[in-house]
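In what follows, chain A forms one complex with chain B and a second complex with chain C.
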Partner chain A sequence: MAFFATSLLGGLAYAMQFNNLYPLSGIEWLSPGRVRMVHTNMAAYGFIANAFIGGMLFAIPRLTRQPILSDRLGWVIFGAWQLFMTLTIGGQLLGYGQGIEWGETPMFVDPLIIVGLVLLVTNLATPILRTQEQGLYVSLWYFLAAFAWTGLVYFMGNYLPQFWVPGTAGAAITGLFIHDLVGLFVTPIGWGLMYFFVPLLLRKPIWSHALSLIGFWGLAFFYPMQGVHHFLYSPIPMYAQYGAVVATIAVEIVVITVIVNFFGTLHGRADAIRGNLAIRWFYTGMIMYALTCFQCAFQVTLTFQKIIHFTDWVVAHAHMVMFGVFGFWIMGLIIELWPRAVGRPWATPQLLTLHYWFTLIGLVLMVIDLTAAGLVQGFSWAALSHWGESVVASMPFWWVRSVAGLLIIAGQGLFFYAMWATARQPSTLATRAAVAVAQRV
Partner chain B sequence: MERFGASFLIAGVLTFLLGFVLQGLLPVLTLRKLPIASVAEIAKTIPPEFHQLAEDYPDEFKRYFGEVNPTSFAHALEVGKANYIAEACWHCHSQFVRPVSKEDLRFGPVSQPGEYQNMMNLPHLFGTRRVGPDLIRESGKHSNDWHVAHFYDPRSVAPYSVMPAYPWFFDEQRRPTERGLALVAYVQWLGSWVTQVPATIYNVDALQGGS
Partner chain C sequence: MSTRRLRAIRGRRGDQSLLRTIVTIGFAVAVLVIAGLGFTYKMTEFVMTIVNDDIAGFGAAAVGVYLIGMLPIVFLTLWAVMTGKFRDVEQPKFRMLELDREIERGGELGSHHG
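Here is the complex of A and B:
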């Protein structure tokens, strides 16, 4: 949560730079460029990774009926991961960030993270490998694949372009890394958690197991080949660019299977969207997922790339994916798991609803605003107008972005307060009974 | 367990490797023919701006870099690039010109793979966003003084700019430090290898008024 807050504040500060209102101007280690690295890295590794590990720690023992390898190791990994994140922030603010998107983790932290990942995988994969269950549930397929991918992806992305492969070929590999981080680490774990929690909360099985396997194999096959679509029209050989475009459009088939599957599961239980806040977060995230992926199919085409590449359109897209989909799912997870973790029911359910609407409105506003800004910028450049014109024309959009960001942060403020209020209320027999009832879902 | 083991080997490792080979390794092999220049080799060609820098800031230049020669230029390039990465300049300035959207009219010739085959591009700095203009053809478009003023207060030379100021590239007398000078040298090197046409004629932004 602390890293999530760091990321949010970093994002706000960075957005204010675009209004020439930067609050910390002239302080070397809080320079906007460095703060932006903290913003993106903490969103990915501080917020999403931490929350996903927490979710997997809940899901894996329940799916396998096996304990994790060692609780103590789990706590060691937790402490170590927080230490690595702190080192990452510190290193980036002091000017040791790497020049690789999403991989700005300072070089002295990289080996530590790899060790941490290996330990984490040992701890979490053990129960999956030991399980006596007949057949592995699809969530575990996703988790295992993500374990294998994440280490490979992280190593490839942080070492090859940094030490061995210069120039254009290095760019091809960085492209793979940028995309694989989202595709092979965040997406499979996110969907794995959804495959576990959605049927659990809706109290009915997933609509189609066959579709879920098609989704899995489609992801496994097409996702690793997409990375170069981040550098279309670059000096990277054209066959790689065409390949990436085709693979990206192919993955839409996968997306459709997954979306159909989950909305099939919801069929007949749609009232849960209203009654169960966690389900509401999950399905809002899924609608965003469908939208972003639909957007992907368009924006990877060379026609769209002419205009939107290098613009705020891409920034909007990134926010919709990382926060609108995976951030929203994590909110649902926290709403489901926090009362169990602290052994008390939510103290202020109304605040949670308010938090949902603040976040949703803030995010949708930001995405629409930045998408529009991207079009303005792209067409302004294509029209060969003076560079300054595109910056001046973007100003109103950047203002709206800051306001949207403030709205999101206000929502999270309510959420943090609700969590705190829940944890500190006295645990009485009545509250314990209420939690016990809630846990029967 | 065996059948799962095989499935995950395929799903996890093999599909990753397939993607890596098709999208990562093949480009590496395609580009292998192009030699990779070391920084020392690049630095043998010193652009006029570096000589100019030694004249503009004689005391500072002497203190930080000594004489104008390939060794000092290589040193300036290394320091400049390190600071370019540390300040994450590449978040807002891309470094490649595409063959679309008339970018070649605005920034200069379309980027070719060979231009990036050197150790200054380890890691590459293509970037994915342009808040400010592309920099791969920046060499000679502006004077050293312009860049120094721009780092100290971007809005003094580009009123519309949203770039942050970098006062820590300057000492108490507002003279550029080693970092400041090195960054100017680095930016002025970008595109200096394009020699056929003066880079300035591509600067649409300058032609249309403003800076």
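Here is the complex of A and C:
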């Protein structure tokens, strides 16, 4: 949560720069370009990665009925990961950020992260390979795919363009890295956790396990190497660009299998959206996921790219994916798991509802605002208007973006307080029983 | 969830709705044809960059990384087939709910429940 807060504050500071109100002006190591790297990297590696590892540590032993390889190793990895994140922030602020989008972790941190990932995979894959269960639940398949891909993708994105494949080819590989980081790291772990938590909370099995496996293999075999669509109209050969566009649109069919399965599971239990806040977060994130993928099918076309490339449309899309989908799922995980972790029921449930609405309204406002800003910018550039005109036209949108960011941050402030208030309640037999009742009834 | 309800759900496995079967088979075919062909087309074009010597290093890196990444997944799939993990494709979704109940009751990790 500390890295999440860092990311939020970095994002707000960066947004305020567009309102000529940058609060850290004149301090080189807190200059906007460096703060932006901290914002994105702490969102991906500090917030999402930490939370997803926590979620897997809960889910895997329960699905395999086997402990992780070593608790002690788990604690070492936990401590090391927080150290790597701190080094990443320090390195980026001191000017050692690597010039690769989403791979800005300083060069001296990259090998540490790869070693950390190998240890993490060893610790978490062991119970899956040791399980005596007759079948392998789909969540475990998704986790295994993430284990197979994450270290490799990280290595490809951070090292190949830097040392072995420079220039245009390096840029193309960077495109693959950006998209594979989302598709082969956060997406499989995120869906794996949803396949675990949603049936447990709804107290009914997933609609079709066979369909979930089709979605898994569709992702595992046909999702990789999508990201060249990030570099349309670039010096990459057009036939390779066409290939990336066609494959991206075609893979949407895999997305539909997952959405159909989860809404099939919800059928007959839609009341849970109202009564269970974790489920509400999960399904809100799934709707966002469907929207982002639907958007993706259009925005990867050359027609759309002509207008939206380099505009705020892309920023809106990135926020909808990283926060609206994976961030929302993590909120649901915390709402479900925090009372277990501290052994007390939520002290202020009404704050959690407020947190949900503040966050949702803030994010939706930001996405609509930046999408509109992107269209204004894109059409302004396409009309060959003066660059300054597009900046002037964007100013109102950038103010709305900052207000939306403040709404999101206010919501997280309520959430942090709710977590703190819950943890500081006296732990009694009655509170522990209340947790058990809240979780299991 | 009560054990009785779990048993009832398990009992219904034999007569799964026709709709579910049709949807599952339909999506299996659609994924294989639509996503599979799209992906094959893309990777062929990436390979063509090697053949045409168009963008040195890119095709080899992309295809090479894909093949390396797929190796463990193919092996895991073979391992799963050989150890009988797919004997009953729908069984794990019921078992995961049972497992959760067992663990909530205080069951130990590491015991055999095949």
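Just so we're on the same page, the second predicted complex is superposed on the first by the 439 of 441 C-alpha atoms of A that agree within 3 Å, B and C clash if a C-alpha of one lies under 4 Å from a C-alpha of the other, contacts with A are read in each partner's own complex, and residues count from 1 in each chain.
Assume contacts are C-beta pairs under 8 Å (C-beta built on N, C-alpha and C of every residue); 3 or more make two chains touch, one makes a residue touch a chain.
In this text, all values refer to a predicted model and were calculated from it rather than measured experimentally.
Enquirer: Following superposition onto chain A, is the placement of chain B relative to chain C best described as a clash or a fit?
Expert: clash
Enquirer: Is A:307 in contact with chain B, with chain C, with both, or with neither (first, second, both, neither)?
Expert: It touches chain B, and chain C stays clear.
Enquirer: Of the partners chain B and chain C, which touch A:240 in the superposed model: first, second, both, neither?
Expert: both
Enquirer: Return first, second, both or neither, reflecting whether A:67 touches chain B, chain C, both chains, or no partner chain.
Expert: Touch partner of A:67: chain C, not chain B.
Enquirer: First (chain B), second (chain C), both or neither: which does A:357 touch?
Expert: neither
Enquirer: Touching A:250 in the superposition: chain B (first), chain C (second), both, neither?
Expert: The second partner, chain C, only.
Enquirer: Once the shared chain is lined up, is A:203 touching chain B (first), chain C (second), both, or neither of them?
Expert: A:203 sits against chain C, while chain B stays out of touch.
Enquirer: Going by the contact rule set out at the top, does A:382 touch chain B (first), chain C (second), both, or neither?
Expert: first
Enquirer: Taking the superposition as given, does A:420 touch the first partner, chain B, the second, chain C, both, or neither?
Expert: A:420 sits against neither chain B nor chain C.
Enquirer: Identify the partner contact of A:149: answer first if only chain B is touched, second if only chain C is, both if each is, neither if none is.
Expert: The answer is both, since A:149 touches chain B and chain C.
Enquirer: Could you tell me which stretches of chain A are touched by chain B in one complex and by chain C in the other?
Expert: 136, 144-145, 148-149, 152-153, 156, 160, 165, 168-170, 172-173, 176, 184, 217, 220-221, 224-225, 235-237, 239-240, 243-244.
Enquirer: Sort out for me which residues of chain A touch chain B in the complex.
Expert: 17-20, 22, 25-26, 28, 31-34, 36-37, 95-101, 104, 129, 136, 141, 144-145, 147-149, 152-153, 156, 160-163, 165-176, 178, 180, 184, 216-217, 220-221, 223-228, 230-231, 233-237, 239-240, 243-244, 305-307, 309-311, 314-315, 377-378, 381-382, 384-388, 391-392, 398
Enquirer: Can you list the chain A residues touching chain C in their complex?
Expert: 61-63, 65-67, 132-139, 144-145, 148-149, 152-153, 156, 160, 164-165, 168-170, 172-173, 176, 184, 196, 199-200, 203-215, 217-218, 220-222, 224-225, 235-237, 239-240, 242-244, 246-251, 253-254, 256-257, 260, 264, 440
Enquirer: Under the stated contact criterion, what part of chain C meets chain A in this complex?
Expert: That would be residues 1, 9, 20, 23-24, 27-28, 30-31, 34-39, 41-46, 48-49, 52, 54-59, 61-62, 65-66, 68-70, 72-73, 76, 80, 84-97, 99-100, 102-104, 107, 109-114 of chain C.
Enquirer: Per the contact definition, I'd like the list of chain B residues that touch chain A in the complex.
Expert: Residue positions touching the partner: 1, 4, 7-8, 10-13, 15-16, 18-20, 22-24, 26-28, 30-31, 36, 83-92, 94, 96, 98-103, 105-106, 111-113, 115-119, 121-133, 155, 158-162, 164-168, 204-205, 208-210.
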